[in-house]
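In the two complexes below, chain A is the common chain; its partner is chain B in one and chain C in the other.
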Partner chain A sequence: MSALTQQLANGVALGSVFALYALGFSLVLANLRVFNLAHAAVFTWGAIVAWRLVDGFGIPLVLAIPATAVVSGLLNVACYLLLVSHLERRKNKELAGFISTLGGFIVLTEAALLYLDRRAVRLPSDSFPSATWDLGLFRINSIQVLILLVTVVVFLAYRWLLRSTSLGRSIRTAAFDEEVARLMGINARGVSAVVFFISGATAGLGAVLVAMAFTVIDGKLGSAYLITAIAVMVIGGFGSMSGVFVGGILVGVVSTTTTAYISSSYRDVVIFGVLLVFLVARPTGLFRGSDVEERV
Partner chain B sequence: MLFLDVFGEYNFLVRDSLILLVLALSVYVLLHAGMFAVPQVGFMALGAYASAILTTRTEVGLAVSLLVAGAVGVAAGAVLSVLLARLNGIYLAISTIAFGEIVRVTMRNLEVAGGGLPLVGIPRTLDDVTLMVVVGLSLVGLVRLARSRYGQAIVAIREDPLSAAHQGVSVRAYRVVLFGLSGLLAALAGGMSVHLTGFVEPGLFNFDLLVDALAAVVLGGMTVVAGPVLGGLIIFGLPEFLHFFAQYRTLVNGFLIVVVIGLAPEGLALLPRALVRRVRSRRAATVHSADAPPAEKVEEGVARALATGGDTALEVRGVAKHFGGIKALDGVDLAVGAEEILGVIGPNGSGKTTLLNVISGVYRPDSGSVAIGGEDVGDRLGRPHRLARTGLARTFQTIRLVQDRSVQENVEIGAYLDRGAEGIVPSILGLPPYLRSRRRVRREVALLLGELGLADLARTEVALLPYGAQRKVEIARALMSHPRVLLLDEPTAGMSPAERDEVFALVREVRQRHVAVVVIEHDVRAMAQTCDRLAVLNFGRLLLVDSPERAINSEAVIDAYIGRSA
Partner chain C sequence: MKPTSLVAAAAAGLLFLTGCGTSDGGSSGVDDSTITVGFLGNLTGDASGPYGKPFQNGMELAIADIEKSGVLDDAGLDLKVLTEDTGSELSTAVTKYNGFRNKDVDIVVSDSISTIAAGLAPLATSDKVPFLTGSGSPIENSEGYGFHLADLDTPMTTLGEQMAEQGLRKVIAVVDGDNPSFKTMANSFEKGMKGAGGAGLIDTVTVTAADTDFSSLMTKIQSSGADGVFISLLPEGSGNVVRQMEQYGGLDDVEPIGTIAWSGQMYEVAEDAAVGIRFALPWAPGLPSSAEFEEAYVAKYDAEPNAYSAIGYETAWLIAQAAVMAADDGAVSAEALKDALPDASTSEVLAERGVIDDFSLDAAGDPSYPGTVATFDDGGQIVAATD
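Right after this comes the complex of A and B.
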């Protein structure tokens, strides 16, 4: 076992959480062209819901995790209906959607802060059996195993959903051209609502895992990861699932290794330095080809 | 001078709000040009640290400190706009948010910036005169800018960057300048803030500050200077006076943002005007095309035979353009004489619009050359604003007008290049050279609108006009630049027969102005009556260029349209 391999393993686990956060964010951004800032607040509320269920109602964590996903998904659908759906016909709908979801983000974040009385809460430490295994090169604990499992399952589910189901085809058609989708008989609003649900549910899953791994839940939990998630999306390439996954792991590994070997305060410098390089040199990210030219 | 002390216990808050107003103005500068970019808090941090480092290490005064901060802001803005030149929309927003974070994180780690600790002991030298001068100059300058010809160009960019470029506006240059201006204002706000409080730390320039500034601009309205002022008052000012409200202040701001963007996207400053407009447009919905004044009598020109009219105005040689595997244009050669109308026909997907797009600079061709007035414009291909400067104007398949502005204002944008000689300073200060050129342009617009039968509609908002009249306004705008070559892409698409006849009459009249006209249209019969020659495209290749009778009777053309195998 070496310190480096241990940091790499920790980085992969942390990066998986980043990927889960960014995956839902990216799904909405790339397919619906909505920069849904409220996603950050939905993430926060996901953790709060899990905490309420486990700590307040004594529901086992195994059941609380799917319940949280559903509640977060519904919350995100509410965000779509209240913040985005009425702006879709606007000429500058990207800017309008951003600002409207910014408003929603503020309201939901403030509501979370008020609900928690601006304090931090914790999941009960006995809510998940903790164990650590030594695998020679590194040690891994039960929460990290759960994180990796959930991430892999979510990733495969996304792939299957987008590539092999008629819903996935509808989403991709709507992403290509909403007008065309309507003409093909696709209920674009319905598809958008489903996309928001999936996105929110993924955020909820990520939030529970974060709450378990780092134990602290506060009103700004989602905001804290927002900028990192943006970095993950840019590095991976907008709209590419594999890109978000790889980008997440990359940022996770960079994060743990710079913290271990340089200094935690340089962690963000390195992440954002990488981000800046990508923005300038390859704005389409790791997994995207060149953009098509605008047609008039 | 500290006359703002009259606010008593609130004097600090008033000064702080005024500084934040300057930050909000820097947000406005980019948003009102339709640039979805939010790097302002990053600029502010740079300005703040420039002033802080300078005045804690040297003995320079407030003025020098602010000048240096401003210069840093301008440089940062210009560099950032060049770095992010390829990004637009959401991606520009994301990358500028990231820029703000990068600045903050860097300041937290730089030794010279305190290495994460607050920098203290900055001289608290900000006096109210300086503060008011900066705020006042910013406000007056931005109002003047909006009223100058640059302001018109900025509106054109916001509404439709591609169309603006075709009026000769260099969108990229405007972006660099506006990023620089945004950087200047935000950095001045940063500089003033450290000289107000005497300290600075990276945590001040966080996402919450950006949210506040954005909220102010959105609430007030992002298209007029009054917007950020009113919004700033609501966001920065009011809550400070309502203590009981403090706990819910942010929550209420969030609600306000959602409500305003949903119900009154123009912002509160423009709400009264927007309400009046809504009432009016409901009444005006009864305007029919029959109410539009008839076109001036134009000479029913008999189609002339082959290319005549002296010199070649436009020459296209071997132009090819591929989209992936699709050869949209596959080696097209064309020559159009001055005072000639060349019609381009062909089945759907034959490359007609792509041809116009290459000539006007929307696309760079993969190979081939274009010459205007005998001058090769190879260096300008793919750059519409530079081709416009060479004497080219066009209309598009879809209407690309500023819908909420009057006919007069829309046509004036077409004179953008024509007014270039008046100079920046006179234009912004409203000095005589600017006033003279504005009078001249307005006379010219009035004359042109009269000739096109649009005189009575000069003050009417474009959105209220029937489709046919909007088309004519676009042609009028194109003519304002006195083009040598005019490209019309389906100018009568979706028109009634009467409207269509008017436009074709107009096209014939335009030729009399010594303009080479290239027109795309599907109505072969009307085209045969109007054009001097017809060029027939199929699968990106030119089938033939000939007199209308011979073109429409040619076997090859009939084959192309009917699809008989050749």
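Right after this comes the complex of A and C.
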């Protein structure tokens, strides 16, 4: 085992979290063309819900994780109904949606800060088993394994859902043209609500994993990952599921190796340096996401 | 005269009467027998948990003890504390300090945060008002008005010596790069290790206060072959590092070591992983000399005292004793108070009533005390390390 291979493994685990965060964000952006900033606050509330369920009500983490995903999904649907749905007929609905969800983000983030009394909380250390395995080239612990497994399962579930189900076809049709979807008898509003639910549930899953791995839950948890998620989407290619996945891993590896070999103070400088390089040299990102088939 | 002109004239008159200029540092805000302390506490914001609230609690506890003891009554004096919240921001601290100018405070106290102390000390010097801070970094003292009360060097050097004597040879340091005091503590720890024949620090990893993912740090610790990790971060960040060390696995032989900035908050975060970890404290926990302070603190605030609680407690007694000594010499003025502070720090009253053993403050504004090595027991109680 070398330090470099271990740092790369750490980076892949961290990048998986970035990918999960960005997958949900990208799903709404690519299909509904809504830059849903409230996603960051839903992520924060996902971690808080998990903490309340585990620490407050004594619910085992294995049950709290799906429950958190459902609650986060419903919270994101509420964001859609309150912040986005009534703007859909406006000419400048993208800008209006951005401003509206920015307001939602601020309200939900402040509510989280007040709820936590501006303190950081954490999941109890005995809420999940801690184990480490030596795989020769690197070691991996139980939380990193869980992060990787959840990310791969979510990625595969997204692919199956969007490509192989009637719901996926409805989502892709609505993404292609809302009017066409309506003419085909698709309830575009219902489809949008489902997209927001899936996006929020993914944020909730990511939030629990972050809370487990990094042992901190505070009112700005989601905000800390927002800009990184945008970088992931640009690097991976807007609208591309594979792009978000690979972009997340790449940013995670860059983040970890910068922290390890330079300093964490320069981590964001390096990540956004890479982002700038992509914007100049390959603005479409690693994977072109213009094809509706590829939309996440 | 129009009503608006009348209001403006009245406001101007009031401003004139209340005085907008700076204080000449000469007299008390109420009368000569009342010592007015302006406390600029970091009572909200990031510094509230580790510094502001514990310091304020320690001061409150001391003031109650001072009143009970009658030392001020015997000298015909009275102590009044005006408290303002800085929100852990320098700009707010300066604004609140300017408010104190209009109230003619005799002495200004701030809990900690080096940047706030560094920003306020020149103002206090210019106004000729004694300024006491719990900060560990030296501050402006060109005219003898600035005093900092946290001795980071001596206790951390002692801890470094002790760890080297107990066989630690290869120690890696993780340091909060946002606060110079944490670098100072790492340097002092290394000085102690080298003084006792150790190799010192084999590597220093600088992190930011906002960092939460320490996986790359864990890999560095493991690949360096270190037998100890010196964690020079705030208590919450330190708790995260210790907890992630346990999660990461394979680091059972690496001994974490903490700083004088640690508190019960570290145990709250790291839980059982914190048991047995050694760190420095200004006072000796569990010993008869400090038992009364600890019991009273826990009873009143339902929390363990930390270094800043002890420094807050010491500060209030220091001010009270300096006031008594200044009164004995003639009059309680800002200048008399600043002249009396060094002698007050080594007085019998401080030795008997204070909680920090062998505390002293010199005219250059620097503190000194040996400190002790402490640890967490199974229940999270802070106790003196026995070996």
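We take it that the second predicted complex is superposed on the first by the 288 of 296 C-alpha atoms of A that agree within 3 Å, B and C clash if a C-alpha of one lies under 4 Å from a C-alpha of the other, contacts with A are read in each partner's own complex, and residues count from 1 in each chain.
Going forward, a residue touches a chain if its C-beta (ideal position, glycine included) is under 8 Å from a C-beta of that chain, and two chains touch if they have at least 3 such contacts.
What you see is a predicted model; the values in this text were computed from it and never measured.
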Touched partner set for A:V70, first chain B, second chain C, both or neither: neither
First, second, both or neither for A:R139, with chain B first and chain C second: second
Which superposed partner A:I59 touches (first chain B, second chain C, both, neither): neither
Greater chain A contact set [chain C / chain B]: B
First, second, both or neither for A:I230, with chain B first and chain C second: first
Chain B versus chain C as contact partner of A:T256, first or second or both or neither: second
First, second, both or neither for A:A13, with chain B first and chain C second: second
Touching partner for A:A120 - first (chain B), second (chain C), both, neither: second
Touched partner set for A:V280, first chain B, second chain C, both or neither: first
Which of chain B and chain C A:T215 touches, first, second, both or neither: second
Common interface positions of chain A, toward chain B and toward chain C: 265
Residues of chain A that touch chain B when the two form their complex: 29, 33, 35, 82-83, 86-87, 90, 92, 94-96, 98-100, 102-107, 110-111, 114, 223, 226-227, 230-231, 233-234, 238, 265-266, 268-269, 272-273, 275-276, 279-280, 283, 292-294, 296
Residues of chain A defined as touching chain C within the complex: 2-3, 6-7, 10, 13-14, 118-120, 122, 124-125, 130-132, 139, 141, 143, 213-216, 224, 256-257, 259-260, 263-265
Interface residues, chain C side, partner chain A - complex: 44, 49, 177, 206-208, 210-213, 215-217, 219-220, 222-223, 236, 240, 243-244, 246-250, 269, 271-273
Chain B - residues contacting chain A, complex: 31, 34, 36, 83-84, 86-87, 89-91, 93-95, 97-99, 101-102, 105-106, 108-109, 116, 162, 207, 211, 214-215, 218, 247-248, 250-251, 253-258, 261-262, 265, 323, 353, 357, 362-363, 396-398
